[in-house]
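Shared between the two complexes below is chain A, which pairs with chain B and chain C, respectively.
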Partner chain A sequence: MRIIIAFGAMALALSCSKDAETVDTEYPVIDGNFAGAFPQQCGTVRRGETFVFRAKFSDNVALGSFSLDVHDNFDHHSHSTEVEACDMGPVKEAEAPFKYIKSFDIPGAPKTYEAEVAIAVPADVDPGDYHFLMRVTDREGWQTLRGLSIKIE
Partner chain B sequence: MKFIIITLIGLFAFAFAHGQDSRLAGRVTDTIGNRVVGARVTLEGVGMQAGPPIKVVLTDTTGAFSFVGLPRGNYQLVVHKRGYADWQTTVSLTGDTDGFTVVLEGKVHLLDEVLVVDNHVERRKQEESLNLEVVGKDFVYRNLGGSLMKSLERLPGVQTIGIGSGQSKPLIRGLGFNRVVVVDRGIKHEGQQWGSDHGLELDQFAVGEVEIIKGAASFVYGSDAIGGAIDVKPEALPAPHTRAVSVDLVGRSNNHSYGTSVRIGGRSDKWFVDSRLTYLRYGDYRVPADTVYVYDYAVPLQGQRLRNTAGRETDVHFTAGYLAERFNSILYVNNIDNKAGFFANAHGLEPRRVDVELHDKSVRDILLPSQQVNHFKAISKNALHLGAHHIEAELGFQRNFRQEHSPYVNHGYMPSSLPDTLGVPTTLEREFDKQVYALNVKDYVELGKHQLTFGLNGERQHNRIGGWTFLVPSFAQSTVGVFAYDRYRLTDRLLLHGAVRFDHGSLRMHEYRDWFPSDVPEGGQAYLVRAADLHRRFNSLVWSIGMNYEPFENLSLKANIGKSFRMPIAKELSANGVNYHYFSYERGNPSLAAEQSYQADLAVEWNTDGWQIQVSPFYNYFPNYIYLNPTAAFDHFYGAGNQVFEYAESRVMRYGGEVQVSRRLGRSLKAEVLGEYLFSQQLSGTKKGFSLPFAPPPSLLMGLSWSPERPGSPFIELDYRLVAAQDRIVPPEKKTAGCGVMALRAGGTARVAGMPVHLNVQVQNLLDTKYMDHTSFYRLIELPEMGRNIVLSLRIPVISKQNE
Partner chain C sequence: MNKQNKLVIVILVGFTFFTWVGCNKDEAPAVNKPKIEGLEVGYNNDRIAHPGSDLHLDAAILAPGGIASITLSIHPEGEAGWEFEREYTEGYEGLKNTDFHEHIDVPADAAEGEYHLHLTVTDQLGNTVEAESHLDIVAGDHDHDHDHDHDH
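Take a look at the complex of A and B:
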């Protein structure tokens, strides 16, 4: 019986000492209401033009990096992560879909960061429904993602 | 019966009226009037004419017997037939007596109920220094969940990862996947244990007894038994000279599930055959919510049903064997076939757009995405007694064939539509084909106070992959292990254990190259090599020492300390692919060493008038826990812009335990409290200070049961499980709030047409509580657990009788 008590006391002591050490369990945040945010859910970008992606990321401790992915949704395979649903064009086969995949470091591990990336959309890509997926991590590896439905005209 | 007695009394009254040479003739039947052929009828003189049996006859094909030329007087009539209770009476013969009726009562031998009335479970527990729980068929039936592991979840220290309503995989004290070994009929069950959405392919109706070993069990089970082992024993064999048919019926309200399992078998003295067919269907399951949220996107549910979570299961078992005193050999052949849908509005973490009208047309259809698994097994289990040796050998073959279906979606650099030239069906996302040959040999030897076990295990695996996505490469794996285990009874109260085991393993990975080109850092595009040819070898030496000690009556103590190991799996060594459903790019580490674990276990059990208290703490340390670590980086070449998850090693400490307290209140009432607690922490690496994934939160189960000693053993049980919040999480998990869930169970046995019919009723989630389970597969997309579910099951022995 004494062994149990001793073990229990040890377990209790260990668990208390561990609670003092706090680890970061918070996800980074993508600010959807940021004034200059672009593109917006159900927004439009034009072929043959360059648009500038703008977003504001924040974290309670330190941000890590972010990644952007633009791909076609001509087959309506998935929906965005947003509340608002958009009008979609008809389902169609892709011929020359626009594809953009790139990742970026956030230098200096700041708590907030305003991202700005110029993205050129070639003139000869298929117009239609696209997904704009942005992902951000913090230093601990928590990832937040946000998927927007956009149109390329 | 009464009639016979009255007749006999009547006969008695005329005892001395007549002279010599009478006839006694009659018939032997069973309780439902069937003739009993070949019964031995013995007539013995009593009283004045006492002496040796004077006549013995066997009943003929009509069940009739007759004795002639009997002197008048008193006789003792005995009727004997194997499988029936002996029948005897005194006959006073006063003249020719015809139409004498003997009704034999069968010894009830239900095939699935050959209850060996001994205390083998208690003895097994007392002689095992590791923490052990043993449950039988009755426990499984009382707690019947959608799958075997769900049915065992009530046990403290056992949790599950549920995948929808029909599949689950085990966690023992928070360790699962390849850290728990599941043994089925003596052979290690090999499926795709590493996948969080892959359930365990076992038929819970075909289960006899389940042993759950918590702790360092590698010395018996080899690689992977770090968290423990679940040893699933087959059903009890038919009793000699019986044949039987039994039918199980089950229905569940929540997912409109229905199913049956039919057993047909029989045995002569030494030979037997047995078979079972199980068929189950279930519809989309209901959660107590009208809308669920995949990220912020609202998904309205029709009738609170999770779209496309329906499934079906068809299992076929065939067993045949020869059982003699010194040698027995049993062949088990079975096939488990499962098909189940995944929640349609998300695939992994990816929100999916669905044709709501198509999906909501029926709650039973299984549309895309879905998984289909076929698991075939052939196991030959043999045992031989030779003097002081008892040798057991198992030879097994199994094939796990798994397909995951989803509409083709072009992720990353994949082309917009799947090219025909690839030769892969457009809906075949992944395919795993695993073939495993295994051999186990064990020799048990009694040498004075030593009980020695020597063992050898060998296994050869071939794994092939298919489909248009890549997670793990094809690989071949061979392992061989030898062990020696000594159980030494020092005194009546002290049993000591010592074991040592050596293993050698070899893993050979085959190269996999993408079927589509991706952008590469050097510029331009190339077909990326996702896994390179790789050959690794591992050697491992593990040990275990333990004791069982009974310092006083009613108090028993167990202690064990041991080392366990696990060979890294193909995915940990060679993964270099994108898991699009989790937005993760998983990168293996070809230089990983075999994982090692040291665990100390203690168990104290105290039994005294009405009280039963068991406390079982443990401490576990890993010098190199292999962990899929989510990093802060993204990779836009190999990882197609996804977050990099890297297999890494870290030092890990875990401790916790279970407490079980039960108290008898009067003759029929019992109250019990079962608690479990687990703490885990990474002590090094980039996630230092963090917990481990799938850490079950502390929980407390309070149960009250009423089981009066009445015929039919009726019972009512009420459980309330309180689960604490889980705030200790690692990426990509989410904190889970605490909850309280109630369950009600009742049942008993009723005699219908002379046959004992077992009825069990269960109400799971009695109050229709909306809660989330931290270890559920659907936790990450925040789907609540199943709502109220009424489970009704019946076990009916249709025929149960002696062979003629």
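Take a look at the complex of A and C:
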């Protein structure tokens, strides 16, 4: 009988816990569909004013960082991740396009985070069609990109 | 020891062996090699660039082993012409997936002709994957993107 118990213990010891080796393969999530989320698809921001970017991010394990990238879309270009077009102005040349590229660390590796960033749009930039891209990366390195088309008036 | 106990021992030895083998498999999970999908060269993937303008590039990269670097190289099909090589790590290193989106300035004196473009992704385990494309550098009138500092 002791032998049986000994083998049972050995079997348990040699097998390993699968839970400890679970690999995180889930992408973080960007939520822009709540009251107060800004900007919205096809939304407008004004030159010479400061707007506040607001979105909620979440991840199954831990969030790491996010970045914002606002650039002109005067050439009607595309991104591999669908950025839906709005009612766009004609293709034109950029003279003084607004450009904003910045990365932010999300401290404390939380599962959810509400981002709030004030972005000042100078009065002398080109008005027109712009892309507003947000990238959120979890601690594991999975990245989610969400792109909006907006207008600067 | 009776017959029944012997049988139980045989079963347990077998069980122990299987759990041990099973464990070994789990310990070294195969990490998938990197992938490049939907490489877009030029607007609407027209594979055309103009001297003095910029070349739009876009690709979805998946690297479960974590991106170590992304290398872009452009060279002429013939012997002479414009050569470009750049390694991108900033903003990409450590990511397991990303949208590679870059605009490459094509110098105004780049020779017209047929070119070849290679995009190589190396992950942190040393695995690499390459995507390639043909590229024509053509002078002349174009619809968009005349130049200026427009390199997002």
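Assume the second predicted complex is superposed on the first by the 126 of 153 C-alpha atoms of A that agree within 3 Å, B and C clash if a C-alpha of one lies under 4 Å from a C-alpha of the other, contacts with A are read in each partner's own complex, and residues count from 1 in each chain.
In the analysis below, contacts are C-beta pairs under 8 Å (C-beta built on N, C-alpha and C of every residue); 3 or more make two chains touch, one makes a residue touch a chain.
In this text, all values refer to a predicted model and were calculated from it rather than measured experimentally.
Colleague: Touching A:Val91 in the superposition: chain B (first), chain C (second), both, neither?
Modeller: Touch status of A:Val91: second partner only.
Colleague: For A:Val83, is the partner it touches chain B (first), chain C (second), both, or none of the two (neither)?
Modeller: The answer is first: A:Val83 touches chain B but not chain C.
Colleague: Which partner chains sit in contact with A:Gln41 here, chain B, chain C, both or neither? Use first/second/both/neither.
Modeller: A:Gln41: touches no partner chain.
Colleague: Output check: A:Leu145 vs chain B and chain C. Expected answer is one of first, second, both, neither. What do you get?
Modeller: Both chain B and chain C are touched by A:Leu145.
Colleague: Same chain A residues contacting chain B and chain C, which ones?
Modeller: 1, 3-4, 7-8, 11, 14-15, 18, 21, 23, 25, 67, 69, 71-72, 74-81, 93-94, 97, 99, 101, 103, 135, 137, 140-143, 145
Colleague: Under the definition above, what is the set of chain B residues touching chain A in their complex?
Modeller: Chain B reaches chain A through residues 294-298, 350-353, 407, 409-413, 416-417, 519, 583, 602, 604, 615, 617, 629-636, 639-643, 655-657, 679, 681, 686-687, 689-690, 727-729, 731-732, 735.
Colleague: Write out the stretch or stretches of chain A touching chain C in their complex.
Modeller: 1, 3-4, 7-8, 10-11, 14-16, 18, 21, 23, 25, 27, 67, 69, 71-72, 74-81, 91, 93-95, 97, 99, 101, 103, 135, 137, 140-143, 145
Colleague: Spell out the part of chain A that touches chain B in their complex, as residue ranges.
Modeller: Checking each residue of chain A against chain B gives 1, 3-4, 7-8, 11, 14-15, 18, 21, 23, 25, 64-69, 71-72, 74-83, 93-94, 97, 99, 101-105, 135, 137-143, 145-147.
Colleague: Which of the residues in chain C come into contact with chain A in the complex?
Modeller: Against chain A, the touching part of chain C is residues 5, 8-9, 12-13, 15-16, 19-20, 22-23, 26-27, 29, 37-38, 40, 43-44, 56, 58-60, 64, 66-67, 91, 94-99, 101, 143-146, 148, 150, 152.
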